[in-house]
Amino acid sequence: MPAYSDQASTAYLLAQYKNVRQATLDLCRPLSPEDLMVQSCPEASPSKWHLAHTSWFFETFVLAEFDRHYQPFHPDFRWLFNSYYNSLGEMPEKKLRASFSRPPLDAILAYREHVDVAIAGLLAQPVADEAARRIVLGLSHEQQHQELIATDIKHALFTNPLHPAYLAQTDGQNSADVIAPPLEWMDFAGGLVEIGITPNPADVRTEAFAFDNETPRHRIYLQPFRLATRLVTCAEYLAFIEQNGYGRPELWLSEGWAVMRAESWQAPLYWHRDDATESGWRIYTLHGFIPLEELSETPVCHISLFEADAFARWAGQRLPTEFEWEHAAAASSLNNKSNNFLENGKLHPMPATPAEGLQQIFGDAWEWTASPYTGYPGYKPLPGALGEYNGKFMSSQMVLRGGSCVTPATHIRATYRNFFTPATRWQFSGLRLAQDSKPTV
Amino acid sequence: MPAYSDQASTAYLLAQYKNVRQATLDLCRPLSPEDLMVQSCPEASPSKWHLAHTSWFFETFVLAEFDRHYQPFHPDFRWLFNSYYNSLGEMPEKKLRASFSRPPLDAILAYREHVDVAIAGLLAQPVADEAARRIVLGLSHEQQHQELIATDIKHALFTNPLHPAYLAQTDGQNSADVIAPPLEWMDFAGGLVEIGITPNPADVRTEAFAFDNETPRHRIYLQPFRLATRLVTCAEYLAFIEQNGYGRPELWLSEGWAVMRAESWQAPLYWHRDDATESGWRIYTLHGFIPLEELSETPVCHISLFEADAFARWAGQRLPTEFEWEHAAAASSLNNKSNNFLENGKLHPMPATPAEGLQQIFGDAWEWTASPYTGYPGYKPLPGALGEYNGKFMSSQMVLRGGSCVTPATHIRATYRNFFTPATRWQFSGLRLAQDSKPTV
Amino acid sequence: MPAYSDQASTAYLLAQYKNVRQATLDLCRPLSPEDLMVQSCPEASPSKWHLAHTSWFFETFVLAEFDRHYQPFHPDFRWLFNSYYNSLGEMPEKKLRASFSRPPLDAILAYREHVDVAIAGLLAQPVADEAARRIVLGLSHEQQHQELIATDIKHALFTNPLHPAYLAQTDGQNSADVIAPPLEWMDFAGGLVEIGITPNPADVRTEAFAFDNETPRHRIYLQPFRLATRLVTCAEYLAFIEQNGYGRPELWLSEGWAVMRAESWQAPLYWHRDDATESGWRIYTLHGFIPLEELSETPVCHISLFEADAFARWAGQRLPTEFEWEHAAAASSLNNKSNNFLENGKLHPMPATPAEGLQQIFGDAWEWTASPYTGYPGYKPLPGALGEYNGKFMSSQMVLRGGSCVTPATHIRATYRNFFTPATRWQFSGLRLAQDSKPTV
Amino acid sequence: MPAYSDQASTAYLLAQYKNVRQATLDLCRPLSPEDLMVQSCPEASPSKWHLAHTSWFFETFVLAEFDRHYQPFHPDFRWLFNSYYNSLGEMPEKKLRASFSRPPLDAILAYREHVDVAIAGLLAQPVADEAARRIVLGLSHEQQHQELIATDIKHALFTNPLHPAYLAQTDGQNSADVIAPPLEWMDFAGGLVEIGITPNPADVRTEAFAFDNETPRHRIYLQPFRLATRLVTCAEYLAFIEQNGYGRPELWLSEGWAVMRAESWQAPLYWHRDDATESGWRIYTLHGFIPLEELSETPVCHISLFEADAFARWAGQRLPTEFEWEHAAAASSLNNKSNNFLENGKLHPMPATPAEGLQQIFGDAWEWTASPYTGYPGYKPLPGALGEYNGKFMSSQMVLRGGSCVTPATHIRATYRNFFTPATRWQFSGLRLAQDSKPTV
């Protein structure tokens, strides 16, 4: 089963390639060339850089290695748009990306076109499995950068003192009169379970893709546990704030207490006090500022691991481990209509709806877990420069699971591991509560 | 003379206004909207911001006070484009200017047009002296920002890893085969001399303008001194480098030694080692990189006060005081053909030419002096918010004199005082040597 | 079995108390009051502060709660010598400890005496279990600070430009002519194993003590693995340095690469280049500087997790997890004569000796593991302020196991978990290699 | 007149030497070896270091060059106790001085004794003029360090959370019931005046000493001006605070406003809010905390240049230049009984008393001037390493004049120039108001 040994397969892959690449451009359509220049925090990059770097990825890892007729678009782009792959040589410091007024946007768009034409040419006939594998990886990579574009531009527009919206809110998007169902608990028996995935090396289809950090599938032992059926809401988080959650050191990890005070955090990122609102707060979204009272049933997001952990302790609960989460999520439906992903255009978490089972497992907001990001037993990074993709970040980061409202729908899965340092807040990151199962009599 | 009580005078002022405003736009013509977004160091601002702020200045200090029919272009612009006038209320932090993708360039250009139309309307008839005085101040202000645009965009394009040029070099601009005349000394007897200017409050013509920090004219006593007839060249500065000037603490002020080592300076800003050149160095200019050997007779620039001072000590000389400089400059011709200002388009200091008297007093490169920036005896800042223009910066800064190759020709004069902290290098700043007069027998 | 309900038990506890308390004083005997003042890095405290804080611990958690006749030595000491227990109120910033010239050393020694007398009085008769439990905790706490005194004073004396020794080296301590046995591997089958400890609440003997972070005992699943039979030596680490280990980014975690370059690390802490030695290096020890060639067979120590991890990758191996380590250590003998702990006075790791089984599991050098420091399933911190002892540090830290040459012998055990941020180097921290078991045919 | 060519002169110099050296020891008498270790801010050094460094100065600049029989006390001391003389080679970083537990205090005292014996031997017979000149310089140097000991130990004891006093207050020291005379103005006509001093090189007596930065005597031109007859009091400064002086940007230099807000200054250093006092404030002094109401008539001190300047602007006045101050001080009596210097033991500024002429010109508190610290016309630093004493600090510092309550009486004179960066507050620094003379009709 070398999947791409025939033209039907390559045609299917090319169709997927075109969809993903187009989605990146679609995301940038509401933005001007000037918007695409802004880099407003160390975590973020200008959107224009994302447009270029995603093309660089295909050029570097696919075309330069598997298309012997390929002519690089520009010799400098090879190092200019390298993000962090030391094995490929020197690259510009990340903070310099804000100075990339040249190449101009037109050149970057031409670069994308150049790469797209070459990939289409390559896929006009059967290709080596490894080439197909790299293209599939490149599509997942591009989807990650789609999410980063949404995340980074939200921060960029928020940083602008005028706080412009990315898109005006459309009818029916308002969730002001929805009430989230009460928080309930679902029990899991634990025991010896399997986590992660061991891909079939012969199956190079998009649908079979997983990052190296999800591998290999392996056994772990879980104690019995319970998960909340939905995410924590803004209303619940507001109660934590109002009951002095940010003023009680016993609720916080020591590092979190120090960071929170050094940064003067008093609420999630994007929450601003506003006496003109009923709740006393307004929240910046990709649709601009919205009074908190209109978002109170939506999942809280843009909180750090430290805030998620302090909230859970305040609530008398805890965060789930990534293994508890994955074990539970493996039984949850994905890609059903109710998942709130990038494609549905909400661009903000939506309230849970009354339903059986775990809600909001996929989409809405990334869920901080209690698990530091490490390699699974037997973990092997990809060979060569691609080994730098995931493995070298396995220190001082925590795992998040489940994707968010700006994650592309085909990007996420139960075994998917996202990771950020515990003070990170610019992501759409929220939390789901967990607890140990009560002993039954 | 109240100069603007008649239409001939206002018409003349309006013509000047149009010239200066147009020159700002001309300066930005080689730049894209993306280029205009870049802010590459704490000293600099995006050029787009300069375009807006200079219009804000006329709107705030002229139109809002003297044109009772004036409608502000946008209510937010009043605080958005305030630079540092605390008396006018809050303003965005300087570092946030890089996030101003909105308002878009088109809006900024419309803002400029809106202000220009209003000023033209105001000057269609005689105006109050204070209104005219403010317009004249606004034109000097705009010229300062023209120089800043040139300085900031040089840094912005240099920061881009591709190091693009602002403009390609044109024929005849090359100074590779010119030899600067030998350094000679001109003697000044000193004694009781007058420094500064006391403007005639009734004379509001552009030609009579001076900043408050140049006032009042007052007596000081000078010892006899000598000034070098030209600026220090790159070739001379290279000798300082090659004789370990950056490695000998006894040549440096203590603060300079600390800064130089912390910043790892080994040469002026924009000098890069390049073994492919004859000299071993290339220098970034607004025309891109040029081998040092082609610029060796041009004045060294982009050095800090610390480097200027260390060079002078190494040379067995010293820097002039700002009073020695002004006393000497008062007798020098200004605006003659040989002065290298912004308008002649060289955009880089040019070699001195054999001639009588002091060369390069005006234009080419700002000259660091040994004088800290303080208020003259009897100094009074302008009343109100305009008092923040100059006075509040009178600490920890050093005076520079004479203008540079990116100073507009009509902006400079013998009494003009520029000032920066002693570690500043992003300006076109060089030096002229001085010494005490030898006692004559 | 409430162990302290009778006088025989309390007498035994008091004897242990006296031993531990005396050991702290013994450790400070080679030091002057001035030495006891030095705080040379953010991780460290002055030894005088350790002397006071350990007494504060007994006063605060034992005497103030269980001795109703107790008179505090000084009312200010209650907050002055609080380390980090927010629940008990405000405390001085850690960095201020270097300013504690008052109270003078004499007062601190009187404070110790005052507390010792009160504890002896309390233990003159049977005490409540919780009081005994707290005293036992206080003894483990004091032993931790003994190790910190040794670690901190090493850094303090090293920081002094004269680099004085803590103690002169005595005869027979030199390990120059010992050869460590070759590195061999021991196999472990893995499977479902138990980790941690669930103390019997009724057993309050010292011998039964464990910190809350070692609890509860719980099941985990281990893949088959192998451990090196001894620690990595200085000679082996030198090979890593000489083969450009600090210059190859592919060997390093991304965070480690950044830290290592920012801090200009080129070798373990305390290694200095010295051309006068055969090896080109000398190493600072508590006995002063010693040429590397005399220590080449001793375990490398004072390395960060990042260096340990990079070395392991360079060697084609990996670090063990803390669970692999504990599973292996549980079968190793502890407290045998060969363990190199604080009491044997070597004050530096010693070479392994030829023997069966795992060598150097306990003592010599803490072993960095691949495990981030988190709470075990069902982990509950101690109630009240003592809950801050361990739990609030469970972020961004890595687990170390096994104790070092400055760990008191009765302090360590197989379930014991130490933890530091991955960039920490001032501890006696080294590494043991691990690998996945090869599949057998 | 080579003053030291005979034994009477050297005997007189030796007597002075002994007095000054003894005064340093006297100052340290209330302090323990632990107190002498504390270094509580970057400006300060441990007192023990001052004891050593002042001896090092005589050893290095006198004994090593002029006593051919001199045996250095310890070879390492040559670099260990070098402060900032780069010409003499490497030295420890200033911040490391807190780690100098070794050499112990006893060794430092023996070092002092060793140097004292050698100097006494040298002065047992006539010496070269240059040797005498160096000894005189060394005595002025030692007096500067006496002032630094008082200043540094004040900060050190204040930093200790217990805030112990250096000395208990003695009877009659309290100034609670004294009322300072009203602030009046004294007029000066200005004109061509002489500033500074040109020493007679043949006169090497202590009484003739001046630092190189006071030379040469030279002419300057002064506009007419007025000086306040006394220093600004705490009561007057409190009014500035209570009228929102720290909240009005228009009163502050731009750099001062930024520093003040970054450092959260709301009052002078050592002022603490205390609701238990009548005034709402208490002030830490070398005698411990004292309610502000008991010090309200004493001169305000421990303020930065920025605060002095803002106060003056708030009061509608300005700071004097150093030349105005010197011109006025040259006519004031020095060393009369009313001057409050170190020797009178008050250790804090005292209220002015009703009297003719300028009060508090010498002693009480250093007076910030409006003058940046620069070299006088024709200034030449001392040759060799001693040239680093003053000259290399001539950037970004402001001149203070007149000495303080911890300046030794024989150390100060009208031409004396002290200098610190404008944000400095750990010195006993206050202010005297000045204004331009009103034009007479």
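For clarity, chains are labelled A, B, C and D in written order, and residue numbers in each chain start from 1.
The working rule: a residue touches a chain if its C-beta (ideal position, glycine included) is under 8 Å from a C-beta of that chain, and two chains touch if they have at least 3 such contacts.
Which chain is which protein? Per UniProt: A, B, C, D = Ergothioneine biosynthesis protein EgtB.
Since this is a predicted model, take the numbers as computed values, not measurements.
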Fewest hops from chain B to chain D - one hop per pair of touching chains: 1
Distance from the mean Cα position of chain B to that of chain A, given in whole angstrom: 47
Length of the line joining the C-alpha centres of chain A and chain C, rounded to whole Å: 39
Inter-chain centre distance, chain A versus chain D - centres from mean C-alpha coordinates, in Å: 60
Those chain pairs that satisfy the touch definition: A-B, A-C, B-D, C-D
Residues on chain C engaged by chain A in the complex (per definition of touch): 84, 86-87, 192, 218-221, 223, 249-250, 252-257, 305-306, 370-372, 374-375, 377-378, 387-388, 392-396, 398, 421-422, 436
Complex contacts: residues of chain B adjacent to chain A: 32-40, 48, 76, 80, 92, 96, 98-105, 156-157, 159-162, 164
